[in-house]
Amino acid sequence: MADSFIPLDRDGMAARAARDIPEGWVVNLGIGIPTEVANFIPADREVIIHSENGVIGAGPAPAPEAVNPYLVNAGTQPITLVRGAAYVHHADSFAIARGGHLDLTVLGAFEVSETGDIANWARAAHEPVAQIGGAMDLAIGAKRLWVIMEHTTKEGGSRLRRQCSYPLTAKGTVKRVFTNLAVLDVTPRGFVVRDIIPGLSFEDLQARTEAVLYRD
Amino acid sequence: MIDKFVRSAAEALDGVPDGATVLLAGFGDVGMAMTLLEGLIEQGARDLVLVCNSGGRDGSAVARLLTLGRVRKLVCSFVRPASDAGRLIAAGKLEFEVVPQGTLAERIRAAGAGIPAFYTPTAADTVLAEDREVREIGGRLCLLEYPLAGDLALVDAWEADRWGNLTYRDTQRNFNPIMAMAAKRTVAQTKHAVELGAIPPEHVMTSGIFVHHVLHVPD
Amino acid sequence: MADSFIPLDRDGMAARAARDIPEGWVVNLGIGIPTEVANFIPADREVIIHSENGVIGAGPAPAPEAVNPYLVNAGTQPITLVRGAAYVHHADSFAIARGGHLDLTVLGAFEVSETGDIANWARAAHEPVAQIGGAMDLAIGAKRLWVIMEHTTKEGGSRLRRQCSYPLTAKGTVKRVFTNLAVLDVTPRGFVVRDIIPGLSFEDLQARTEAVLYRD
Amino acid sequence: MIDKFVRSAAEALDGVPDGATVLLAGFGDVGMAMTLLEGLIEQGARDLVLVCNSGGRDGSAVARLLTLGRVRKLVCSFVRPASDAGRLIAAGKLEFEVVPQGTLAERIRAAGAGIPAFYTPTAADTVLAEDREVREIGGRLCLLEYPLAGDLALVDAWEADRWGNLTYRDTQRNFNPIMAMAAKRTVAQTKHAVELGAIPPEHVMTSGIFVHHVLHVPD
């Protein structure tokens, strides 16, 4: 029976996260799958996308012939603006992140712990080269931090852990995790399962997870 | 649809609790949200902490709020001894925290920017530093300062759209952009209500993400 | 002979200070006589006046019928702008002051000490009411601080002192003092007299001054 | 008459000494002063400390400056291991200080604003805080951070006038306004040279008081 379920693909995870974002939220979407969340927010639901290079009100990618080379998002991809957008400089942009003005940040991660720690920037504590970018600021500053990631590594190891094995991006800040198998909230008890994909049981999910899971 | 316009100051200020810290922008009367300040007087909240640049002139709305006994503590950079504020302070009827104007601005900015503390050389060599934490940095004495956050900010704008994007005219700007970012609830009054998108994205001075309610107050 | 000199009036002191301001400087002028310095800068000499309520490039007062109620200086007086002016918010305006971006600040004072201390905001250490405004930020931040003040109090007491008797605004930051009798630089030695009004001798000036004076 | 326009990058960068700290704005290529950066490569200063958001892509002007061995230390938020910068760092040929992007921006802003130090919660719980001063403020662990000032800032503008007042287009803005304020010498290249007064005072994004030289680089 363990083969009768179909894990969500990238779009599926992005769409599932988008479902939980209500109108009016100010949201920063990290590089990778999180960026794709914007594609699944209904056009009539006004959600304000912040990009940390100084955009409040980022819109979808332009048609190739309409690319404006002066207008990119935090992944340096060309974007458009929505009506009502504004630009700020980098210090003001991170004042938004650190100052608690984001209703939500969505990041990718290597690992999340049952206490809400997130590790998303390095696989060893003292690598000489570091790709941090804005993740640490975004992870500590938003009103809530959600993570989108595969439930397990390619080798089948659990990314939902009692403790992170990789260096932390921030401690105790993750509130919700969207994986290709489930949606889980980080609570004072630990991970509470809010949603499992069809065909997968709670026990099957627990078998794929190092951290202890709790029923909703 | 996001629409932050409200119909009255009463609606904008509904539920402001006693004890609230109120950030009031303005330099003299310029850039001060007079209709909202009158609304706050009407609304009735007491025991307020009022953060603004100065104690105001006699006859001003600020002086009225003070003389009505609605403010427990005034935090500002400048109070004339011969003013209502000055007399209330001298009589021990109003707590007073004097903050150099640049430090006042920076503490408000820190609140909005999520900076939990900073050092500044301003006032470090003065009586204002007595009994406070100082530290020498780069050979210079510096004073540790903490953010000044508001429960409520009253902002005065020139234009606003339904998302709460704002512009200011001339020196109306002053404390408005930083106070708008520093409060749990930011209410703006605006001379002009404009369509979403009418303010070019390069020229928005306060993003709507910092603004909770907008009251249109034409002439 | 002591009566054969005519002390400078307010305009005279402002004009004398204006003479020393070269083209291109960014200058903050405090409330009172310092504000009047702007009136004596020749029209063809581009000096950029900063006003701490958020103006870079303040111009002269408008004609009464042309007053713009949205445009005032740090004394809340109506002003105009010069071409090339810009507005900033209060935090940025004091970033200019504290951050060393002013070539010059000119303030009034009660007293200046021979080590460059300035006292200009209170006559007793713990007055309940305080009129500080932006003076402390301006006094510590500019590349140079000049003071314009009467040489003596109305009672004849010296305002140029070994130590200030009033609470300090800032310590060791005054570089030059313009009085109604002389121009003095604060140097490692102490006050060096650069200029005395006609008819007054160095000895006469010293007799009116508590601090020790040095010849240029 | 104040006139900050220069005729060439060579003139703008004349005398930049070895060992200078260079603030280079830009996010990817957007908002990066390419002509000035090429000019700095030509100019020849060595032993530089380069402060910019990222280590750059291979083939970029930043990568060229690095691979020419002209930079002693790189201060940035992001370096790809598989890049020239990454390989130089891994080989021990380039000193590297990684700074979270928001802290990088705030440290630069602090340099321009005369703030000698500040606390931030960013990275306080991470390996970046090892052996550094932390402090609990309001129940939250915070890290003490110091300003990042430049000897030189290279700024990329859309419009400039002879006073050096600047505007930026779209996300060209990024680090430019804060770096312009944080250096002893700020050089801007601009797409458009405009008359003094052509930029409305409300829309100046960087005041000319922060800018020392302007180079007009039309297409």
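Letters A, B, C and D name the chains as they come in the text, with residue numbers starting at 1 for each one.
Keep in mind that, in the parts below, a residue touches a chain if its C-beta (ideal position, glycine included) is under 8 Å from a C-beta of that chain, and two chains touch if they have at least 3 such contacts.
All of these numbers come straight from a predicted model, not from anything done at the bench.
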* How many steps does it take, at the fewest, to get from chain B to chain D if each step moves to a chain that touches the one before? -> 1
* To do: Could you give the separation in Å between the centres of chain A and chain B, each centre being the mean of its C-alpha atoms?
  => 35
* Structure fact -> Distance between the CA centroids of chain B and chain C (whole Å) is 29
* **Distance from the mean Cα position of chain C to that of chain A, given in whole angstrom** => 55
* To do: Check each residue of chain C and list the ones that touch at least two other chains.
  => 87-88, 91, 94, 97-98, 141
* **Two or more partner chains touched - positions in chain D** => 106, 109, 113-115, 120-121, 168-170, 201-202, 205
* To do: Spell out all pairs of chains that touch, sorted by label.
  => A-B, A-D, B-C, B-D, C-D
* Structure fact -> Within the complex, chain D is touched by chain A residues 51-55, 68-72, 76, 87-91, 93-94, 97-98, 125-138, 140-141, 167-172
* Residue numbers on chain B that touch chain A, as the complex places them -> 1-2, 111-115, 161-163, 165, 181, 196-197, 199, 201-202, 204, 207-210
* Asked: Can you list the chain B residues touching chain C in their complex?
  -> 27-30, 54, 77-81, 85-86, 89-90, 96, 98-103, 105-106, 108-109, 120-123, 125-128, 168-178, 205
* Asked: Across the complex, what residues on chain D touch chain B?
  -> 106, 110, 113-121, 135, 137-138, 140, 142, 146, 167-170, 201-203, 205
* Contact set on chain C toward chain D in their complex -> 23-24, 26, 46, 48, 50, 56-57, 81, 83-88, 91, 94-101, 141
